Structure formats: structure tokens, C-alpha cells
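Just below sit the structures, each encoded as C-alpha cells.
Two complexes are shown next, each including subunit A; its partner changes from subunit B in the first to subunit C in the second.
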Partner chain A sequence: MFRDGTSVLFHDTGEKRQHRAPYLVDNVDSKLVLTDQDEVIETVDFWERADYFDHQTSTGKNMQILIGNRPQRFDVTGSWYCHFWDTPGGGCKYCPIGAQGGEKKKKGEVLLTDPKEIVEVLAEGIKQRGRFANILITTGSILSGKQLLDDELNYHIELLKEIGKLFKTDRFPSQLIGTAYNREQLERLYNETGLMSYTADIEVLNETAFNRLCPGKAKFIGYQEWKKRLKIAAEIFGRGRVDTGLVTGTEIGNGIGFRTEDAAFAAVSEEAEELAEAGVSVAATIWQPSDIAILKNAKNPSLEYMIRISREFERLRLKYNLAVDFDDYRRCGNHPNTDLARLR
Partner chain B sequence: MGIDESKYGDWRSEELSAKEVIKKYPDVPKFVVYKTDIQRRGVVFSKEAMKLFDPKVHSAAASCLFSNDQGYKQLD
Partner chain C sequence: MGAIIDERLKQIINDKNSLKVIASQNVDGELHVVYKQSLHVIDEDLLEFYEIIESSQNNKNMVNSIWYEVPVAINILSEDRKSFEIKGVAHKAHVAGKYFEEKYVQLTDKGYYDLSTVWQIKVIEVNEKTFKVKEQEALEQHPSYRHLDQLLKD
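Entry: the complex of A and B
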């Protein structure tokens, strides 16, 4: 964490990165500092353990194992497997979930966590005053059910109903990252639970790149349908209560997307504006190729491109008067572009 | 202990540095620029840095579907 409270999440980094040297966090005069080329950039800190980490559930499980967290929110993960990977290569090509999920599937760890067990941990976790501002819920995509995605939806509804019992208000601080549901499913999600905000990650704002990067999402739902469902979600949950996650940078190069950063910026901006006009924000995650993803040897774009994208998305939120307070620095902390919302 | 820059070629001459980006876009806080660049380039922790990690106080990894869940990677 930086000294202004900005949190920084990162994946499995190491010196093995092929394209650029990583930063080094070092100890200088007993202070933790971020360095680059032996120059101290800033003081930083580790984030703190949550109080509930020291507790066990009534069945003797370590609460720390059941629910993870960031400095600002609980991370409730219903299952660790994404069923787009049921078809070899069907998952998103930059995503580490496939390899991780595959290992967990072999170990039989893909079953959905019991909602009552999750709520037992949350009940303990929210006793820590001032720490947690949001509850993030997600599972890997589950395609089965009476309609496509019904099993995923039904699990989330059951879980949200249980969590809702912890709160006195009809709605409670919460974000669901789900697959893109249809109108009927979105209406059920909104009407049957106290969920406050909804996210369905389109991953990349370009149809050609989407089809190449996310073959499972393209096959079962499709790019245009995904966007349509996001707009429907904004009608139901309200403007500024819906967003979509991008893995920023995957739209450029590597035989997948645009050849230049300028071309990518123009196209992505246009599509982001279409979504913003309909009440949907965009949350940009910074792509760093994962060692266990299909695109492990790819090169991500320049820092300047990433910053231009962040500025543009904030400009669009201001232009269309969109709040993003369910996915900002205080409730998520993983998107530099939504960090900019604290400047308003 | 520093990073062995010789492994990575001349990439620094091909793009703006974080300092240059901060100067070019003064409306963006430097913390947001460095956060972005850390996520883009990656980060490692020295052995000396990890001596400041107290497992009774600090948390080592975000346990989330979207993370690799491997915690802070220490420089060997």
C-alpha cells in the first residue's frame, strides 16, 4: 500500500519477466520502500491481517481459508473453477484461472462453498469496525441450469439471501461479479436479493479481440449480447451501479488485437462511451501476462497507454455523471482508473 | 540487492518512464501512475524487505478467484 491509502494488487511476479524489469521492494533504514534502478521511489507498507483470520468456524475450519480479503473488502469466492474451461482452450487466453482451476478440479475443490459457512465468516468479519466497506462475491462461470447460467444465478441468489440476514436494510454494500445474465435473470437477481451492484466482465472492448481472447464467452453469449446485457443491468440496478471489467492491454498486439496503441485507444474509447451513455462504467485492470496463462509470453503495452485509458474512462464517467463508488479505491482498490474517482 | 537490468534489454529507451508520464499527465496522481506501472511490470521483494513482514500483523496474499494467490514473491 502507498501512504495515501492506494492499494496495489499484483500477481505472481518475479525476475523471470521477459520484457521489462520489475520494481523492487526493499528495506532501507528499517523502512519498506519501493525502488527502481536502485532509487527509492516511495515508502510502502504491507496490508494488515483481518481480525477474523484468527477464528475458526463452528465446524473447525480456519475462517482465513474460507474468505479472503483486501484492505477494503471481503472476497467471497463461491467456487474456484470457471466452466468455460470445460472445453480445452475455452477460457480467456490471459487468465490464470484455467490452470489454477484445473488443479483445483483435479483435487475436487470446485464444489460451491456452503452459503451458511460463508455467512458465519462474514458475521465475524464485520465485527472489525472501520475495515471492510464492501462484500465482493464471485464464482467462476457456471454454464449449466434450466437456462444457460441458471445454476450460477441460483447459487448467487441463495448466497445473497443468506448474507442479507446480517443486515437490517433491504440492500447492503455488495458487488457481484457474475457472467452476463439475461433480462429475466437480472430481474431475479435484483428483486430477490439485497445486492447493490453488478459487474459482468467483458474483458476487452473490441469484438474481434474478444472473439480471439475469450472463445468461451464468445461462443455461449457473444460480444454484442454481452454489451446488451450490461445495458439491461443498468436499467435494472440503476445508472452507476453496473460496470464491466477489462484486462487493459490485451487489445493490442500479440497477434490478437490492434497494431498500435493509438488505434486501440480510439476504438476502446468509442466503445466505453457507448456503455457510459447507457449507465455502465468500465473498470480497467492492468494486464500483466501470467506465467500460467496461454498468453504467458505476450508483451503488454506502455505505461503511457494505460494512463491515457484511465484518464479517458474517468472523463467519460464525469461526462455521463456516473458514480463508481462500488468499485473504487475504497471498495475494490484494483483499478487505477476508478482510483481517479477520489479526485472528484 | 538490486534487479539485474541486463536481462531485459533496452526496453527503457522505447517508452516513457513513470517519472516522464507523471510530468506529462499532471492531473493523474503519482500514486496511480506507480500503481499502474507496478501492475504492468511486476514487483519483487528483497530478503531484507521480507524481514519487515510480520505474519501476526500483515497479510501476504489476497485470496480471490482473480489472483494467483501466491503472496509476495521474494527475490532469491
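Entry: the complex of A and C
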């Protein structure tokens, strides 16, 4: 964590693909500092271990295994396996999480965590006063059910209902990162639970790049339909209570997207504005190619592009008066465009 | 260099009966002034206050201060009308961790609805602005700034 309260996740990208020495957290004069090629950039801290990490569930499981966290948020992951990976080549090409999930499936570890067990951990965690301000729930996409995605939706509804029993208010600070549900499914999610905000990650704001990058999402739902469902979600949950995650940078080069940063900027900005006008904001993470993803040898765009597009997303958020409270620096962080919302 | 905040000023800042205001700027340079009675001394060059409301203008302006090193100005008025202007810059925002949680528990037990941030301000400069002191300085340093009728013989 930085002095301003910003939290940063880091990824070990492996020795092979380093173009230069990485940032290093070091101990200098008894202080933790971030260094860049031996130059001290800033003092930093690690975020603290939650108290519930020392506890076990009633069935003897270590609670820290069941729910992770950010500095102020529970990270509830129902399952680490994404069923878009069931079809060879169906997973998103930049995604290291899906690849890990595939390994877990091979080991027979594709299980949804029991909602009652999750709630037991949450109840213990919330005893630490002032520690948690939000509950994030996510589960790899589950395509099965009476309708496509019904099994995923039903699990989330069951889980959210259980969690809701902890609180005295009808709704509680929470975010679900789910697959893009249809109108009927979104209405059920909103009406049957206390969920406050909804996210469905479109990953990249260009149809051609989406089709190449996320073949599973493209095949089962499609780019235009995904955008339509985000807009419907904003109608149901309210403007500024729906966003979509982007893996910023995947829209350029690598045989996936635009040839130039200028072309990408123009096209992506236009699509982001269409969503913002409908009440949907974006959470733009910075793409860091991973050694275990399909696109492991990809090159990401320039820092200048990342800054330019982040500022553009913030300009659009302000133009359309959208809040990103549920996905800001404190609750999630790691998307620079929503960090900028701290200023206005 | 000696302490920027000496023992006398520390007592005044920490006195709950003193009035404490912070003036800050947003990212467009617009000014904002707010009372912050929770302001207190942490160290000879470090002040701290509690920002209860995450969405407040002051909270946004403190981010502007810590990101871009934009100064903030503070004025303390003691119960006996002594006034001090303190200039500083936001130094740290505690938004999580045991230190934050300790303050959170103290404040919510007192009835506050939540706590956003424990802000710490690095002090750059302190100047006394007590009216009587400034009046004496003006008389000594700017004798021309007088209306003549005040100087007439009785």
C-alpha cells in the first residue's frame, strides 16, 4: 500500500520476459520502500493480515483458505474454475486465472464452496471492526442450467441470500462479478438478493478483439449482446452501480487488435462513451502478460497509452455523472481510471 | 532546526476548545475551507485529523494535496484568541490497518456513522497570527499605514 491508501497487486512475470529490472520492495533504513533500479520511489506497507485468518470453521477448515481479502474488502470466490475453458481454446487468451482453474479441474478440484461455510467466515471476519467495507463475490462462468448461466446465477442468489441474513439493511455494500446475465436473470438477481452492484467483464471494448481474445464469451453470448446486457443491468441496478472490467492494452497488437495506439484510443473511447451514456462505467486494469496465459509472449502497449485511456475513461465518467463507489481505490483499486475518481 | 510545533502550540492545537480550520484546493485550484475539530498533534512536524465522510470535498482535496504536493493551510484560534497559521502538505492517508481500526472504533463508539480516512499532514511552516501580535508588528514595520487623524495631538 502506498502512503495515499492506494493498494497495488503485483504479478511475478518471470525472469524470462523481463525487459528491465522489476520494481523491488526493499528495506532501507528500517523502512519498507519501493525501489526502481536502486532508486527509492516511495515508502510502502504490506496490507495487514485479517484476524479471521487465525480461525477455523465449525468443520475444521482454515478460514483463510476459504475467503481472501484486500485491505478493506472480502474476496469471495465460489470456484476458481471457468467453464468457458471446457471447450479447447474457449478461455480468454490473456487469463492466468482460467489457466490455473484448468489445472484444478484436472485434479478434480472444481467445486463450489458451500454458501453457509462462506457466511461463517464472513461473520467471523466482520467482527474485526473497521476492517471490511465491501464483499466481492465472483465465480468462474458456469454455462449450465435451464437457461444458459442459470446454475451460476442460482448459486450467486443462494449465496447472497445467506449473506444478507447477516445484515439489518435490505441491501449491503457488495459487488458481484458475474457473467453477463439476460434481463430476466438480472431482475432475479436484483429482486431476490441484497446485492448493491453488478459487474460483467467485457474485457476489451472492440468486437473484433473480443472475438479473438475471448472466444468462449463470443460464442455463448456475443459482444453486442454482452453490451446490451450491461445496459439492462444499469436500468435495473441504477446508473453508476454497474461497470465492466477491461484488460487494458489487449486491444492493441499481438494479432488481436488495432495496429496503432491512436486507432485503439479512438475506437475504445467511442465504445466506452456509449456504455457511460447508458449508465455503465469501466474498471480498466493494466494488462500484464502472464507466463501461464495463452498470450504469454504478447507485448503490452506504452505507459503513455495506459495513462491517456485512463484519463479518457475518467473524463467520460464525469461527463455522464457516474459514481464508481463500489469499485474504487478502497474497495478494489488496481484500475487507475477509478483511482482518479478520488479527486472529483 | 527546532521543533516546528512547540509545546505551547501543541497544547493549543490539542485543546478541544480551540477552533481549527483547514483550507485546501481541489484539482482545479478552487478553494474550500472546513472546520476540523479532530485536528491534533502527532509529532513536532506532523498533524492528524479524522475525515468521516469519504465523498467530502475536503477528502478529495487532501488526495490532491498528497498526489501533487499541493499545500493546505490551517488556522488555529485558541480560547483566549491566540491564532496560528500552519502550512503543510498531506503526508499519509490511513484507510486500513490496525491504526485505522483503532481510530474507527474510538469514533464509531462516540456515535460517528463511519470513518473514511485518518489524514496526516506534514507541517512546513508555522506563523502566529494573533491580532495583538500582528498589530504590534504593523505599527513597528509599517508606520506609513496609519490615518493621520489617529496621530493628532489631544
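Heads up, the rule we're going with is that the second predicted complex is superposed on the first by the 337 of 344 C-alpha atoms of A that agree within 3 Å, B and C clash if a C-alpha of one lies under 4 Å from a C-alpha of the other, contacts with A are read in each partner's own complex, and residues count from 1 in each chain.
Convention: a residue touches a chain if its C-beta (ideal position, glycine included) is under 8 Å from a C-beta of that chain, and two chains touch if they have at least 3 such contacts.
What you are looking at is a predicted structure, and each value in this text was computed from that prediction instead of being measured.
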Partner chain(s) touched by A:Asp262 [first = subunit B, second = subunit C, both, neither]: neither
First, second, both or neither for A:Arg330, with subunit B first and subunit C second: second
Which of subunit B and subunit C A:Asp4 touches, first, second, both or neither: both
Partner chain in contact with A:Glu184 - subunit B first, subunit C second, else both or neither: neither
Partner chain in contact with A:Gln72 - subunit B first, subunit C second, else both or neither: second
First (subunit B), second (subunit C), both or neither touched by A:Glu270: neither
Contacts of A:Asp38 with subunit B and subunit C, given as first, second, both or neither: first
When both partners are placed on the shared chain, which of subunit B and subunit C touches more of subunit A: B
Touching partner for A:Gln128 - first (subunit B), second (subunit C), both, neither: second
Set intersection of subunit A contacts, subunit C complex versus subunit B complex: 4, 47-48, 343
Of all residues in subunit C, those that touch subunit A in their complex: 26-27, 54-55, 60, 63-64, 66-67, 91-98, 100-101, 104-105, 108, 115, 117
Contact set on subunit A toward subunit C in their complex: 1, 3-5, 7, 45, 47-48, 71-72, 128-131, 325, 330, 342-344
Complex contact set, residues of subunit B against subunit A: 1-5, 7-8, 11, 15-18, 21, 24-25, 27-29, 31-46, 48-49, 51-53, 55-70, 72-73, 75
Subunit B contact footprint on subunit A (complex, rising order): 2, 4, 6, 8-15, 17-27, 30, 32, 34-38, 41-42, 46-50, 53, 64-65, 67-70, 75, 77, 80, 96-97, 100, 136, 138-140, 249, 285-288, 290, 292, 300, 302-304, 306-307, 310-311, 336, 339-340, 343
